[in-house]
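After the structure tokens below, expect a handful of questions from me.
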């Protein structure tokens, strides 16, 4: 079968591999819609997860079940499915402790294009099919659906972890597709004012549709100062960090009020200095005593998560397809889509590849 | 001054009283907009809080500050304010434990028309003005604003306590104004399907606008069966009990799935039998072991709560004025409004009295 | 193989059955130590879970692994293990929602002596061995260890759910072995005063060792009044309901202060009236508005839970063997132990059967 | 009156000041027992809170009420009281949001020896006496009691914020008196293994008495490596940071497992580099995605907190007087006690000054 792979750090290409084998509780799925992720770009061109040879990329997919193992009960060939980016081993120690995305080690629930071949292939393997696949609801567009596996799940987690209450004031730092999903998630948790920090017009437009009340641009000066100014010096109840280099945590903490949450959903692909650190501002952090709490996490995966996100969309609570700014038709266009993600033109939020209708 | 009072159980009337005195940290406020509450009806005609003589009724008000004590810093005469139904003593033991609405005993944060004269008067007294009043935002309509002190605060608490997550399935039992606020609150916490149980057309219409996806009528059969049927037998993740007699808890528990929350915002004005009980269904409750958890509370009060609800409204997250179906003009119409609440015609959700524009 | 079974409601006896078969991820275990539970008594003589024919009883065991399936990695024949009473299917919907004990329906994680044969047999079957067994630590006595599968896990859950903080005042209603474990659990969560309600001298003695500061006897008058009296009328922050008939919830709620938790770990084997209800006191419950929250649950199971309880014991935090008041030697004594549990002499807390040393 | 003051950065001395005035809700208290805190040392000799002139030091005291304002109800002259280090304005915005220690700005609940004169004086002022004082229980030793205002409250908060469950494995970095209190607090939350990192023999002895199961010394190599080694590479569920320079956060995060809490109770008196930062390790932090959550806070204050800590002690849950290694008699010895704290001899945990018996 054909797949779009990282050949080595800095290089991608189409390769041939054998169709994966199906265990008794697994499924083999072929793609229906695919989306490249910024982390595919990090993986290939920044070596974010280290060297990989001929690893098939991709972890955002809708699919059609092609084969299921003997013990699979709820899915059969031909079923249209949502495939979560994170497919935990649900029985394991970390899951029993309440951290399924960390099964088998840090970020261990992330398998596609990390510890096994990803979804950018004619066929891909899904572990624990009954528990890691969800049925694609009738009537959900592919452009909307393909945002669920990672963008919505991660962005919404950002809002969940931020402990937003009714009327909380929230700042979302970064309005790529994950940040936009966090904006939508913050509104769906009951936030009042939402400050969205970004400048790209396409993203700004969607941020407003998703509930941002104030758009903050770094071009107008310090984002921290602007938000402090607009809140009468108080700062915000919650910050969702959805982009930026290591120094973004300085801003995040400085803009949060005493008694607040800084919820990180940013993948820190690089740090500062020899020790490879992420800096926090000592004074802004209240010398470690201002109740500015930092919460992290990895995209929740699994069937129930996908079903619940699908319910949110099917009940009309928000429309993720607004983020699909660039839609390609055909599996062969996958490389173009990925390169577009790398290039990141100003009018891009998220490229999507529709493989089958 | 003039006030609309409960003369004794079963009887209301206009009375004359002295204008209340203002302590150093208090305010005297005159009404801008008022709303009668179902609990005023319970108080008078059902004797829900026991006998009261010449007690001025009412706890839902917007007002204009008329006088402030020496130590009040943030308010001055002429300020337009939101007056929460619940005005806690914020320093006390229960508040330090995290339960400000229970300061000074069960439901002790509820003072207006309970332990002191209420807001249905030409002037009324507010304790701890700096901490129990909030400025009425420019541009908020009086019809919207007067829903904040109790309806929104209580209904939203119902949603908060229900621990709704993204895509949770929720049933709201009862769609009076508190139930409708709970529907809106559930949507604003990220609920997926919301089953609203009620039949009155005016309320049904608003329930849909506020986010209900399914309307359930007891006229079509058992509400429990209908909801179980629509959820494939699973039941719901959260139930908000927003109306009904004591037996409503039977339905609430029977319709909840194992691992769920039943969030009560219903004032139980009467119980069953000599022991005056509220019954739970033993089997439906999983013999006490099915993780069906029952959470209660009294409307949160105080300044910060009102400011945050105001932010929700001013940011356009929902429009509480949709519930103001009957608007009266002039303080003199207050009695008509209260009697309308008692009579409860089918097209009524909430009567509002605009005292000044 | 031989097993002690419920022949039908009201009758037990030794029966012969085939040794259970071992699936690829399962284990077959033979008993090392066993303990009868009050719920075995309920099951047989009160028909609490309905009619069962020739169902092998028992769900509290330490064991020796006899056989493991092909896919089992962490256990091998000869390993000494703790077998949790509750053995969830960790992948399923309820587990993904955070309620593993409710997998597959209400109380569905409870399989032994409920939906399959129990542990009172020469061999018994454990599903998902790698995730539902734990190694028995070197140096843990069998009398201590056999308390972990249910007594400690349930009693400690009672304390966890009660949201006890440092210095919280707690009442534990009932001091059978689960109630005693709840007393120990309350102390281990940092409780201040702990009121233990019970009269049996053996239990009273252990309650004091486990941290009870006040023993309350119903013989001295109303337990509610006694506790209110000793708390200056305030009531307690948390109540753990660990025994009693359906009316125990009346006391539990009446003794709790506004802003409190009633944590139920009592199996309600019978209700009141035709509707089979559990009653709550309307006024004591603050008309549904006094923030008296009722939390329930079923004993947590699985490997991680057992490992953590074992750590508590091995670190010397409490000694569960104090509850093993009656120790029998030999598998053949199992029936005697169970009948003793039924008879419940005054000096009994918990009978234990040591099968092998 | 006489007081021991910071004359300027780097210099202390006895000064004369006027006895403070008592507002209507306040109290004037004279000291019964006092204790210097490491933060007094930071304040004076490291300028941690900036320049202060003639500021009376001290925030850890037991006292005797000397005068109360007109509105004070629960205290009268002669009462023996516990004075919390943190005395919030309980009505204010931050308190209504749930962060009383942050009232009036970051760390704003901390008033003694920060924004007003401290307790190292013949008389000191307590705001909101009814809500910020607690009665000293009969029978509590002064050496034990004087640990409550800050040491126990802060150390226990470290354990509370760490979300310790039954059997959690905890590392406490630093075993000064706050770290030792955190060890005791961790045990009182139900921790299993507790790794206490420190070397001073007096502290090591108390750490073991308070529940530490493993003592880790940096002299034996990297503390991170030692703890990872002792946990089979897994790391710990919770880290309490109770001492160290800015780089302690590197260790804290590296020793925590994916899915864990790092609970900080360390006052960071200095940072790294021009930007004055606290560094986090990018890789150890799982690139920001390993669910390693960082929780902070400032010592909880107020009456209820003190009463609850007193209950913990009076119920025999732990004995804080073990930390009082050096006891001075007489107000005049205060300077000696403070200088001893600065000097920090190896056998010191905490100096205490008994002013009156």
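We call the chains A, B, C and D, going by the order they appear; numbering starts again at 1 in every chain.
In this section, a residue touches a chain if its C-beta (ideal position, glycine included) is under 8 Å from a C-beta of that chain, and two chains touch if they have at least 3 such contacts.
Since we're looking at a predicted model, the values are computed, not measured.
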(message) Following contacts chain by chain, what is the lowest number of steps it takes to reach chain D starting at chain A?
(response) 1
(request) Tally the contacting C-beta pairs at the A-B interface and at the B-D interface, and name the larger one. (result) A-B
(request) With chain centres taken as the means of their Cα atoms, state the distance from chain B to chain D in Å. (result) 41
(request) Would you give the residues of chain D that are in contact with at least 2 other chains, written as numbers and ranges? (result) 97-98
(request) Enumerate the contact residues on chain A facing chain D in the complex. (result) 48, 94, 97-99, 101-102, 105-108, 237, 241, 246, 249-250, 258-259, 264-271, 275-283, 285-298
(message) If we count contacts the way the header does, which residues on chain C are in touch with chain D in the complex?
(response) 156, 160, 165-169, 185, 187-194, 211, 213, 307-312, 314-315, 317
(request) Would you mind writing out the residues of chain B in touch with chain D in their complex? (result) 90-93, 95-98, 100, 128, 130-131, 302-305
